[in-house]
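Which chain is which? They are A, B and C, in the order written, and residues in each are numbered from 1.
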């Protein structure tokens, strides 16, 4: 029973972090209709920002959120404005060239990080990095619990933003029907720029929260990009609630897969679930939520 | 007329050849190196490269080989077998190197050795630790470092003399190094009557090892043996601590567990962790300590066994070049096969045993992290500190 | 002279090239180029012509490679049989995969192929009893000389270009393009889109699978990380396709040449020119520059992708008229 409960807790806590990663991706997916294959690399950039602030200025990793999130927002805005938006006007045979562009961006970001920081593994050690508290014999990692709480908070804020503010409503409008929104006088180009910024900012939070318990090197982005698109598809594209479900599902599937099948099957379980959902539940879990 | 023109041709060509020869005699002797200088393994490639360069400069300063300088042509294999192959092909066919050394990752080394063998150019492997590499009967391939199956040699005697465990859990990363290391160790355990309760791989770079560790904890093994690189090693230890998992000992199979980054990253979770190790600056080999100190002074960071292997390699190569009857790959190979040299990495002599050919046989050591310092604890005659065993539980530290 | 003189001259050049270029290193690079021509052509057929972007070319490549390797390691049969068999078995994978996944469109199909790629890599890693996992499989090469490999690779490259060319001249090609342009319109015109997408995918998988088997025979060593690599194979295949020219017959040829050349130029520091400058001038900062340049090949790939997509969305062959125009204009500014 302990094994089961501990696996459950590990899965849920990891799922919270995954949800935060998926949230940004799903937002971008909804508005742009593209899969951002540089998502994990955005996260990597945020982690480097946190590392630099911690290492050279002695800031607590959680404090660096106020710098890493806006920085990534800016990065997202610039990329969308100067690299992705222009593609809408380019005549190309391939409809997927925006996705391919994000692949190029991912490579460039990774290699720039390598230039600056070399391939060395870096980490941020804090007092809470390896501390845990225990509830009835089950251990809860402090840092992961904080990340989980923060993921919930950010999700709620995002909800509030999307539902209550004008900008949020415009984003939802573009997400539902870009052409109609355009006719209603919404500048969809500008909305896309803002959305990319928010998406990048959200994943920046995930990176910063993850860093104290994990480590960092330039190639770290790739695996998280893959996780992000799995979460996005699981959750149903463009659905914020879905992203949370997707993140939790992936976290739980990986944990239970690792415990009851084998750790080497961890990634495989996620991928197989991904393919199954893609094929048989085309809308992802959005189907069940209607948000 | 005809004859004289022929003569002229002969004279001209012999002149050209002699110019070519004299040019070759003046230039440095070229030795090729393949190492990962970019990519994920660049860190270790860098340590080996620095050590090679350091050793080379010492040799050249001392007069080189029979009055000629050695030049190392260092190619980046980026950690990929196909790139390694094209690099080594370039070294052999374009640069005409007489010998090759380097080889960090096992898979790249394996692929590169096949090329060296086919082109009959001697290749002294510095690290590439898969057993297979020296088991192919390749007579142009030598290895200075022990194969991965022998890494836990010292551990085995420690286990049978002190710990006497009944059961083990083996965790390993899914790489050539991890998979073959785990396989060999599991076989050794079963031979000596230790039950392998769990033997499980994982994809390097996992975020959360807890599901795996929970399972291991529930199986209650006497000790845990892990073949991991540095960051996974640190995560495994930290999460074991979080889960309050207390086997009799945690043992690392070399690689990640001996690096300073491991201790830095795992923090106090690294304390009392054992690991197999191939080298330490305290070993009674001539130049070991000097090499360690000089490296630290020059590159501003500590070195470890990978660097020592490379440092040893460049001396072995220079020695073989010195003794070679002529500077052709075949002659250098013959000279290398007859190597009997003491280096900072240990005595080097290429012998054949079991399935292995031209393999340097070296003892290995057991080290333990004590107060953030890696101390050699076994065998006793080279120990720098007594071992700490039994290890206190997490809560009792 | 009739029209096909260009390709004919190219063919003659490729046939005699290794006899002129005796250096094994350049022959090696040419073999790589030819292998990438085959992969690029395969990718181009399904992605460039049929519009179903393949993000997981490595799934078929690796399958072909493992087929060849396992033939030799498990059955003791020459790995050369892997050439036809690797292609055929890749089709056997492509068939059910396409059957199931072609209900997905656009980016979703692309993601499914990516997932297939990753799944195969994991399976090849975990299934140690069959594949030896990450230990990899070593197949001793049949020839020491590069010439036989060169001509086999050339034959495969020609075969793939001719196949794609023939297919695209046929009625199938017309259907493929109409699916790319507008799948719904194609459907309403009575084209069985699933059928033709499957056809296109199977031919692609066949070509890529053969290339994989060639890789095993030539390289003599494979492991899951190498042949199922997302970055080294799948994304490289896309790069070869889009740099050369999406939906063009000779695009993959140009793309393969450029990608291999770019990779080698950076990796070797401009074929040793930088080393030479560094040594002859003795400038201390040259070693730093060499290090950066040799690390920059992936960066250069990334920049290349961005530039090509922004400015030459149809690749070098596809936008050749555009390039030529701008070149001519810059020469004769009076126009």
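By our rule, a residue touches a chain if its C-beta (ideal position, glycine included) is under 8 Å from a C-beta of that chain, and two chains touch if they have at least 3 such contacts.
Keep in mind that what you see is a predicted model, and the values were worked out from it rather than measured.
The chain pair B-C and the chain pair A-C differ in C-beta contact count, and the higher one is A-C.
Chain centres here are C-alpha means, and the one lying farthest from subunit B is A. Centroids of subunit A and subunit B (each the mean of its C-alpha atoms) stand 38 Å apart. Chain geometry summary: the mean Cα position of subunit B and that of subunit C are 34 Å apart.
Here the spacing of subunit A and subunit C, counted between their Cα centres, is 31 Å. Residue numbers of subunit C whose C-beta contacts span two or more other chains: 122, 125-126, 295.
Counting partner chains per residue, subunit B shows two or more touched chains at residues 38, 174, 201, 203. Contacts with at least two other chains are made by residues 114, 264, 267 of subunit A. Residue ranges of subunit C in contact with subunit A, taken from their complex: 47-48, 51, 53, 100-101, 103-104, 106-108, 110-112, 114-116, 118-119, 122-123, 125-126, 180, 230-231, 235, 238, 242, 246-247, 292, 295-296, 298-299, 301-306, 309-310, 313-314, 318.
Interface residues of subunit A facing subunit C in the complex, by the touch rule stated above, are 33-35, 83, 86-87, 90-97, 99-101, 103-108, 110-112, 114-115, 222, 226, 229-230, 233, 264-265, 267-268, 271-272, 274-275, 278-279, 282. Residue ranges of subunit A in contact with subunit B, taken from their complex: 2-3, 6-7, 10-11, 14, 17, 114, 118-121, 123, 125, 129-132, 134, 139, 141, 210, 213-215, 217, 219-220, 223, 254-259, 262-264, 266-267. Residues 23-25, 28-29, 32, 122, 125-126, 128, 133-136, 138, 140-141, 144, 215, 219-223, 225-226, 232, 264, 267-268, 291, 294-295 of subunit C are the ones that touch subunit B when the two sit in their complex. Remark: subunit B residues 37-38, 75-76, 78, 80-83, 85-87, 89-90, 92-94, 107, 110-111, 114, 118-119, 130, 132, 136, 174-176, 178-180, 201, 203 touch subunit C in the complex.
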